[in-house]
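In the two complexes that follow, chain A is the common piece, with chain B as its partner first and chain C second.
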Partner chain A sequence: MTQFLQLLFEGVSLGATYALVALGFVVIYRASGVINFAQGAMLLLGAYLISWMAVDVGLPFGVAVLAAMGALGAFGAGFHRVALRRVVGQPTFVLVMITIGASIAVSAAVEAVFGDNQRLLGDPWGSSTFHVGAITVTWVKFWGIVVAAVALAVYFSFDRFTRWGLAMRATAGDEEATLSAGVPVGRVHALTWALAGAMATLGGLFLAGFPSAPAHGLGDAALRAFPAVVLGGLSSSVGAVAGGVLIGVVEVMTSGYAPSWLGTNFYAVAPYVVMIAILLVRPYGLLGVKPAERL
Partner chain B sequence: MSRSLARRGALPAFAALAVALPFGLSASNLTTATFVVIAAIGATGLNVLVGYAGQISLGHAFFLAAGAYTGAVLGEDHGVSAALWIPAAGVVAAIFGALVGPMALRLKGLYLAIVTLGIVFIGQHVLLNSAGISGGPQGRTFPPVVIGPFDFSPGQTLQLGGLTIDRSGLYYYLGLVILAAATAFAWSLRRTRGGRAMLAVREREAAASLMGVDVGRAKVGAFVVSAALAGVSGALYASYLSFAQPTQFNLDMSIQFIAAIIVGGMGTAAGPLLGSAVVFALPSVLKSLPFVPEEGTGGISVGDLTSISYGLLIVVFLVLEPRGLVGLADRLRSLGRRSAAPDFTPAISLNTPEEAHP
Partner chain C sequence: MSEPLLSVRDLTLRFGAVTAFAGVSFDVARGELFAVIGPNGAGKSSLFNALSRVYEPCDGAVTFDGRDFLRLRPRQLAGIGIARSFQNLGVFPALTVLENVMVGRHHLMRAGALRGGLGLARAEELRHRHAALEAMEFVGIRSLADAAVQTLPYGLQKRVELARCLAMEPRVMLLDEPVAGMNAAERAEIAELVARVHAERELTLLIVEHDMAMVMKVAERILVLDFGEPIAIGTPAEVQRDERVIRAYLGEELEVAA
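Moving on to the complex of A and B:
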């Protein structure tokens, strides 16, 4: 039982991080129908920027995190402006492929600049822990849950209560009607890219926390947020969060309980196995809706 | 008219160049050319799936692996002749394609891309844990091609008249023959009922279905053709390397193939060849540049520089010339004939309205 609760806690913490990353996918997808395959690379870049500013530059950790979120927000909006706005009206396929190309280029550039060794994250928590009953709680995992919850609350209130949030929802509903109502749809798209960049940075922060570290494999870890977003359905924010937590729990539970015949490191592919199984039953995810098509 | 004449002249010239090429290249450049030819077989396959049928797949590396390990198990572990294990690699990969293909019936567009991405990771996991087939994480050796009097083992050469063809040259010519057949097949596929069905599915699935196209058949067919060519390509690739690890068949490999067909021009017959030449020759070209440091001397590594370059190539081509090098060539040609009206026939238009936003 203790082991179960321990794994459950760690799963929820990992899942909260996946939820942030997955929400980054959904924000962009809702506004422009594009899956951002560069989310993993943005996450990697964010984690390395935090590490660079906190360790090499020597900024206080909180400042480093905020600065990295700002930088990635600017990067996301800039990428949208430089590459994606030029191909407006092209099939979605083209936009998605552009994000794949960007993903490869960015993660290789990160490796070229920072080398391929692990780095220190520079966070104040390190490997310190506290105990709740028999469960050992690492501070970084604890803060992972708290920060993800706060970030999600901020995002959902932004989406619900502000003018820009309204514009985002309107763009998701009907882009042309929104445009004709005077909403700057291009800027809304840029905003969603900036939001996704900031969320990716937070995701990178906690994926790189103890016992992990900023290293090149983070990009692959971020790809495991794909199953999360697919489970929830690409167009559902709530689904992304639920899917994220579910995938985190599945991953950690299989790392603890998977029988040996499934092979070593089965936990790393368990999210994909769950995803394929669910998609074959519900092709648009658990909470997604099959879009109607006009001929 | 002039255009088709130009193309008719270009084909024999291109073929003659390809045949004569090994005699004009240094050993290291010939190695690169051999990899390009072998990869182009796989790219031709991916082009059928993505360029013709409009199904986005990130799973190509998985099918290459299926072919490579079929070749290894049959050729090395069971001593089967290469005349059998090369086709068998294609057949086994095609069977996997037929298993994965039906997923495309339920999943559209981007969902399919994500699922095929998952398949690459799952395939790698299975291979890493099946030491009997793959040698586990340490990797295994792959058999050289031996067909009758032709022995492609290291150190062997073929004397043909006064010419000597070394191991790389042998793989080059074998790859070239298979590539020519694959290209001819892909080219003529567009003119068959099945090929046209794929194009119709790409343009508009629902409309194609209403007009009586068997959408399921077209999609699964595209997966099977694509996987079969990937399997042959993978078997030759591993055999030429003679040693490989499961982790080499990774997502990056899939993306390189995507880059190749985008850079070359999706949906065209020549696109995969041109694109492969650019993408898979990049490492050697970059290595030879004066400002790129030697491996291991610090600074930016060739591998990173390669990845950055082909990542940027994907972005630049899609933003500026989505029809790839083939489209670029068309543009140059129409610049040459100023008077003639420019030809704006799109080589590709992937309309996937299911995923277009409502």
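Moving on to the complex of A and C:
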């Protein structure tokens, strides 16, 4: 039982981080139909910027995190403005290819600037822990849950209660009609990229926390959140969160309980197994909606 | 008569070698209910799309309230007072009726996301909400405020779209085949609603429509297109008597070549 609770806590914490990353995919996909393959690179860049500002510049850690979120938000909006607005009207495939190119370029730039060694994250928690009953709680995993919960609450209130949130949802429904109603749709898209950048940074922060560190493999972690996006339903924010938590728990539980004949790294495969199983039953994901077709 | 609100001169649109319409000229006066009709393929929808800045005309000029309309971008139209509806419905299916209509208020809102998000713009929000509800009241869907639009029948969804257009506080409404795909009862209701919008809101309306009966009932003046060319313009009575219009709609007997 103790082991189960221990793994459950760690799974939920990892899942909360995945939820942020998955939501980053969904926010952009919902508005424009583009799957942003640069999400991992943005996450990597965000983690390195936090590390640089906290360790090298010496800013207080919270300030470093907020500044990195702001920087990545600006990066996302700027990237949309410079690279994607020019190809409006091209097939979605073209935009997706551009995000793949950006992913390679950003990862290479990070390596060129920061070198290829692991860095220190600069977080005040390190590997410190506290105990709840028999469960060992690392502070970084605890904060992972708290920060993700706050970020998700802020996002969902923004989406639900502000006019720009309404504009995002309208754009997802019918872009041409949104434009005709006087909403600057280009700015809405830029906003989704900024939000995705900020969320990627928070994802990077916790994926780079103990026992990991800011290193080049971080970008791949975004792809581990991808099954969460797909099984939640590509265009559902709530689905992304549910999918993220589910995948996190599955991954950690598998690493704890999988029999040895499955191999030591089976936990990395398990999310995809779950994803495929769910898609067999619900082809549009847990909360995705089958697109209506007019006959 | 004062200067027209919308003035179209020799407007021409071609796609490669295919001419969608050519040499179309007409004026729409302030407060007028003007309709464009024509048989299938006459160029009505192309003309509508040129006037809503979706297609770029090859030639000709359009002025709106004294300014060069063809230099405006689609997203600027709302700001100068032009609202449009879509032939295949331009609504947001997953959003509620009230949210759909509130989107039409976006360009009138001033408070930034931050102030709005923190609830500091309550007075402004209430004002916009009130205006949206009032537009919904006008088209008769106020009681459906919290219903998701995708759960409503087609005719009510059309009313949601019209309410959003009204909520934009436009000076002109462009309606693209507002009764397309409706049954007779729905068509009559929407025709009656359009006539009320015109009478009570003092709006200028430009309707492109396939349905003769509706147009004859509500329009003050009509432009008839056939194969991309204007063949008649005038009041419903005048247009109905026009030889070329009758021929375009009923066809003429072909003379058998010897």
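What we mean here is this: the second predicted complex is superposed on the first by the 290 of 295 C-alpha atoms of A that agree within 3 Å, B and C clash if a C-alpha of one lies under 4 Å from a C-alpha of the other, contacts with A are read in each partner's own complex, and residues count from 1 in each chain.
Here is the rule we go by: a contact is a pair of C-beta atoms (placed from the backbone, for glycine too) under 8 Å apart; a residue touches a chain by one contact, two chains touch by 3 or more.
Predicted model, so just to flag it, every value in this text is computed and none were measured.
K.L.:
Where does A:Gly70 make contact in the superposed view: on chain B (first), on chain C (second), on both, or on neither?
P.N.:
It touches nothing on chain B or chain C.
K.L.:
Mind working out whether A:Asp174 is in touch with chain B, chain C, both or neither, as first, second, both or neither?
P.N.:
After superposing on A, A:Asp174 lies in contact with both chain B and chain C.
K.L.:
May I ask you to name which of chain B and chain C touches more residues of chain A?
P.N.:
Of chain B and chain C, the partner in contact with more residues of chain A is B.
K.L.:
State whether A:Leu166 touches chain B only (first), chain C only (second), both chains, or neither.
P.N.:
second
K.L.:
Using the touch definition from the top, say if A:Gly256 reaches chain B (first), chain C (second), both or neither.
P.N.:
Neither partner.
K.L.:
Using the touch definition from the top, say if A:Asn265 reaches chain B (first), chain C (second), both or neither.
P.N.:
In the superposition, A:Asn265 touches chain B alone.
K.L.:
Touching A:Gly182 in the superposition: chain B (first), chain C (second), both, neither?
P.N.:
A:Gly182: touches chain C, not chain B.
K.L.:
State whether A:Phe158 touches chain B only (first), chain C only (second), both chains, or neither.
P.N.:
So A:Phe158 only meets chain C here.
K.L.:
Take the contacts of chain A with chain B and those with chain C, and give the residues found in both.
P.N.:
Comparing the two interfaces on chain A, one with chain B and one with chain C, the shared residues are 172-174, 292, 294.
K.L.:
Can you list the residues on chain A that touch chain B in the complex?
P.N.:
32-33, 35, 83, 86-87, 90-94, 96-98, 100-109, 111-112, 172-175, 223, 226-227, 230, 234, 263-266, 268-269, 272-273, 275-276, 279-280, 283-284, 291-295
K.L.:
Quick one: which bits of chain C touch chain A in the complex? Just the residue numbers, please.
P.N.:
52, 74-75, 77-79, 83-84, 86, 88, 90-95, 99-100, 102-107, 109, 111, 113, 116-117, 150, 161, 164, 168
K.L.:
In their complex, what parts of chain A are in touch with chain C?
P.N.:
Residue positions touching the partner: 157-158, 161-164, 166-167, 169-170, 172-174, 176-186, 289, 292, 294.
K.L.:
Touching chain A in the complex: which residues of chain B?
P.N.:
54, 56, 103, 106-111, 113-115, 117-119, 121-122, 125-126, 128-129, 206-207, 210, 251-252, 255, 258-259, 262, 300-301, 303-308, 310-315, 318-319, 322, 349-358
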